[in-house]
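Both of the next two complexes hold chain A, though its partner changes from chain B to chain C.
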Partner chain A sequence: MSIEAREARQPWILLSPTLTVIALLLIIPVLFIVVYSFWLRTSVGDVQPGFHLDNWTATLTDRFYRDILLTTLRIAAVTTLICALMGYPAAYFIARAKGNKALLLLLLMLPFWISYIIRTMSWIYILGSNGALNTALQWFGITAEPIQMLYNETTVILGLVHFLLPFMVLNVYVSLDGVDETLEDAAGSLGATKWQSFLQVTLPLSLPGLAAGGLLCFVLGAGTYITPAVLGGPRDAMFANLVYEAIIIQLNWPLGAALSLLLLAVLGVLVMIYNHFLGLGQLMKGLG
Partner chain B sequence: MDNTTRYQRLLERYQNGDLDRRSFLGLIGAAGLAYGLQTPFARYAAAQEVTQVRFDGWGGVVSEAFREHAFDPYTAATGIDVVDGTFGGGDEYLARVRTSQPGEYNIAHLSGVFDYARYHNLELSVELNEDNIPNLQLCMPALSEAFRAISGGPLSCVPYNYGTTGIAYNRAHISDEEAQAQGAGLLINADYEGKIGGWSDWRTRIWYGALQTGQDPNNITDIEAVWDAVRQHRDLALRYWTSGAELMNLLAEGEIHVTEGWSGRIFALQEQGHDIGYIDPPNGFGWQECLFVIAGSPIEACEELLNFMLEPATSIAVAEGQNYPPALDPTRVDLGAKIPTLPAFDPTGTLDHLTFANPDYWNGNEQEWSETFSRVQRGY
Partner chain C sequence: MSAVTLTNIEKKFGSFTAVEPMSLDIPEGAFVTLLGPSGCGKTTTLRMIAGLLDPTGGEITIKGRRVNDLPIHKRNLGIVFQNYALFPHKTIADNVGFGLRYRDVSKDDAARRVREALELVQLPDVGDRYPAALSGGQQQRIALARAIVIEPDVLLLDEPLSALDANLRENMRVELKKIQHRIGVTSIFVTHDQAEALAMSDRIVVMSDGRVEQVGPPEEVYNAPASEFVANFLGASNILHGQCRARENGTVAIEAPVFGTVPVPAEKAPNVPGPGPAKLVLRAEKLELVAQGGAEDGRIANDAVVETVDYQGQAVRYFVRAGDTQLQAINMIDTHPFAEGDRVTVQFRPRDCAALPGT
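Let's turn to the complex of A and B:
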């Protein structure tokens, strides 16, 4: 075997364990889900194999699924925007901090040590009628009665921001950390104010990190199930909740398969658009 | 020694430094591989010698009572270990059972007669030999008959307890007289907008929708009127709760003032000193739970365990722990002091005062109603 052929094979040999795992744990299960989506639910909750387009017809034409999907994308977009607005200043502060970066990053990672469900449920004890915020408002005489703050779309978004903000901060931080601070000094020496140098130098250079954080927040937010289940009211649901209901409550695995594939496709398209314009490399930096 | 204990010992050795990381991970990986390879064939081995039976239930005090009064004595008598697991809901558990190998799950503490019918329809039932469960004779026949009607005579379960889903209300805001007068209508009283709760279960929503529109829940003639009542409740409700713990928390914290509630959970709140009232409106939702043996299980070992679980001492301890009356016939077994005070308790042993869901009727409409409820819940 020539050296060139051996060198061409080496990456595949090194990648083979990972590719095997991905094939076994991701690609093959997804293919099963694809097959399931063409089957039908029987009247007793079992599945009837075959090739039927009923689930796909319902998934793609039913206004109910379209509306919930659009609601899901809207909630994910609002959450991402809030994360960006809150996360950028925090990331900037950490990136420009002198001496205690490691401590600040540790504090940023701290919430990951607590279960996501427990973090989500903590809002019940903060925003509830007898929660910390209502108690404080009444104690200071600001309100006479508890304000109803829980179980609506706002609390769902709040819970998502709480969950996703660290992902945004980390991505922006990685990007900002790579920006040479002397560029801002150079802009200043050419007459730019601090605000101008930030807007015209630092911000554009950190946009890939912001975009990577945005993509992560959006994808994770759009696929969430727990937050609306814990903090939402009767009407509040995201697309993943419909998948859960189809599979677990209605025992309609084929419909649940079609719904989950639709969500996967929509989010997959978003990732492809991101990759086309910015590349997934930035995302990997943030995750690393 | 069971696998959990083996793993814990291995982990302890690793954490103590007696085992290097490479060996620890290697052993864990080998165990996983071995388990994955042997699982499809494990049932054949299990058929030859039963070494353990798996029981799945709701956890908490019920599991503790079972462990103390049934599982440990059973293991001492038979040498067969009982592995007890828990689940959060019947639907989720059925999904787990359907994706398992036959014999992986053995006995489950299932809710309602619906579940019995669903498992039977999915060919997950067995035929128990009742001669091997003498304590079944101590149970109220009315409970067993509901199951026999589904499986054509033989049983795949033993009845275990019963209760109701009635109306719970905070007495600081709603008087007993008002609750009695309004019955199910209390849940769609606009005066309590934002302070009303409800279970997210489609059956309960429709059942109460039927009561609110003056219909028989087992023979609904105007389903559109029921959906309108469900929509009305949805628009007034603050929250659809999803578990007994959440129900108790919402009522105890004053987040909601009225909701449907499970009789045993409400009794527990009352025991804790919360001023919560509870009524079963006319045609209120009665239900029973059973211990179901799943197809593929070692039948005789399961029958023996069921008999231990139906022992009056065990049944009474579990009933007192979970606040639901046991299936034992009160005219034949002395149930002690507490059980007669539990909500829904029937001293006659006939259960004539409770309305149970007709499983044929409800399961026949399951697909359509559960899907429609999903839409109605979201504003449609």
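Let's turn to the complex of A and C:
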């Protein structure tokens, strides 16, 4: 075999374990789900193979599903916006820090050492009826009875921000770290104030990172089911909770399959729009 | 009137002194170079003038106005950075016109001035392009255009040529000087390259370890170095430790190893007051190798053996040994250089020497 042919084969040999795992555990199961979505759950409870459009008709026409999809997208959007507003200054601070950046980044990663579920549940001990905040309020005599703070859309968004903020900070940080500080000096020397330099130079150059962080926050936020399950009330279900409900509670796999494919399609379109304008390479930079 | 006056400015970072108190007066329209090796404080000094660093002490005035507490965006300075610092997301025209946005300039006026600046740097047709589409040399010109289009009180240049390759650097050097001369802007240039400093400056400020070693026109700094550091930093010099025997009749007699007594012109030994320890400064370019016994009249000479030959084309650098002293000589040649091991005579004119007080 020629050297060129061997070199051309080498990446494929190295990639083959990963490709095998992805094919077996991701692509084939997704294909199964596609097939499932056209099957039908009969009234007696068993699943009837075939080509039925009933699940898709229900998924795409039922106002109930549509409303929850819109709520899900709204919650994800609000969460992303809050993450951007809170994360940008933090990322700016780390990127421009004179001292130990590695330590600051380590502190940022620290929450990932604790399970996401436990981090989410920790809010119950802060906001619950017997939680830290209510105990403090009663102890100071500000309220007599505990205030109901948990189990609403606000706490869902709070939990999501808690979960997703580091992703935003990391992405913006990577972008800002690549912006040459001399550019701000140059803008200053030409007569721009610090704020004008930021708006004219630093902010536009860090937009790719902001967009990458925004995409990650939005996709992860829209796909979550743990946060609304733990911190949301009965009326705060998000779309992934519907999938959970259909598959685990109702054992209606065909309907669950159609619902999850709809969410996948909506988020997939968003990723494609992002890729068209900014390219997924930026996202990889933030993750790496 | 002075364009820039530094009065005892100094900069400390904690206990480390980056710039010891220095004073400097820069006349209107002058081209002044801060020259020194990295870490000598030249860039720190420039950044203090720019307003990017606060001096620990002293006073900076620009056109008679104290600027210590004036933020950078109010100082009306043009700065050309080493890495050009062009805004990558803006077109060339927007880059050059950036400073005009913050000045009271109408749109038409701004467009005209951007066009003129681009013509001045001989890149009239690149306005619509982005910086990444230009070569390093072109980006450098755009950075210059952006700095001068705002008609700054002072132009600050922080090693602007060091990122260019050798040939381009020499061309840009000539062109930069020409443009500066044409618009007459007071310029402060920072470099570690002695050739740039000598070629471009009206005045050179040689710095080392945060101290000013010497201030003067290029010829003076080159021909009459005020310290051993200056003698070695601008070109290569042989420093021979000897004794001053007398200072009289416009000459200073230095008794040096190898060559005996050398009468140095008094103006090139301003700091040697009279008899005592002294150092003879003999520039490598002024020490000439000739065939053995071929010393010319009026030269001081001695025999030597060629030890190393460093051939550079039009010039050659020799290391020769005379007695137990090694000397360096840089000679222009038009035929073959001497070979290693050749026995030669080294000669120089006493008036080409300088002297420093010695220990």
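As a convention for this text, the second predicted complex is superposed on the first by the 261 of 288 C-alpha atoms of A that agree within 3 Å, B and C clash if a C-alpha of one lies under 4 Å from a C-alpha of the other, contacts with A are read in each partner's own complex, and residues count from 1 in each chain.
FYI, a residue touches a chain if its C-beta (ideal position, glycine included) is under 8 Å from a C-beta of that chain, and two chains touch if they have at least 3 such contacts.
Being a predicted model, the structure only gives us computed values, none of them experimental.
Aligning the two structures on chain A places chain B and chain C side by side, free of any clash. When the two structures are aligned on the shared chain, A:L183 is found in touch with chain C, with no touch to chain B. By the document's definition of touching, neither partner reaches A:I273: not chain B, not chain C. For chain A, the partner touching the most residues, choosing from chain B and chain C, is B. By the document's definition of touching, of the two partners only chain C reaches A:L205; chain B does not. When the shared chain is aligned, chain C comes close enough to touch A:A192, but chain B does not.
Angle at chain A between chain B and chain C, computed from CA centres in the superposed arrangement: 150 degrees, to the nearest 10.
Put simply, the nearest alpha carbons of chain B and chain C end up 46 Å apart when the two models share chain A. Only residues 180, 182-183, 185-193, 196, 200-201, 204-205 of chain A touch chain C when the two sit together in their complex. The touching residues of chain B, when paired with chain A in their complex, are 89, 91-92, 94-95, 118, 121-122, 194, 198, 200, 202, 234, 237-240, 242, 249, 253-255, 363, 366-367, 370-371, 374-375, 377-380. Chain A makes touch with chain B in their complex at residues 41, 43-46, 64, 68, 124, 128-130, 146, 148, 150-151, 229, 233-235, 237, 242, 245, 247-252.
Chain contact summary for the complex, chain C toward chain A: residues 50-52, 71-79, 81, 83, 85-89, 98-99, 101-103, 146-147, 150, 156.
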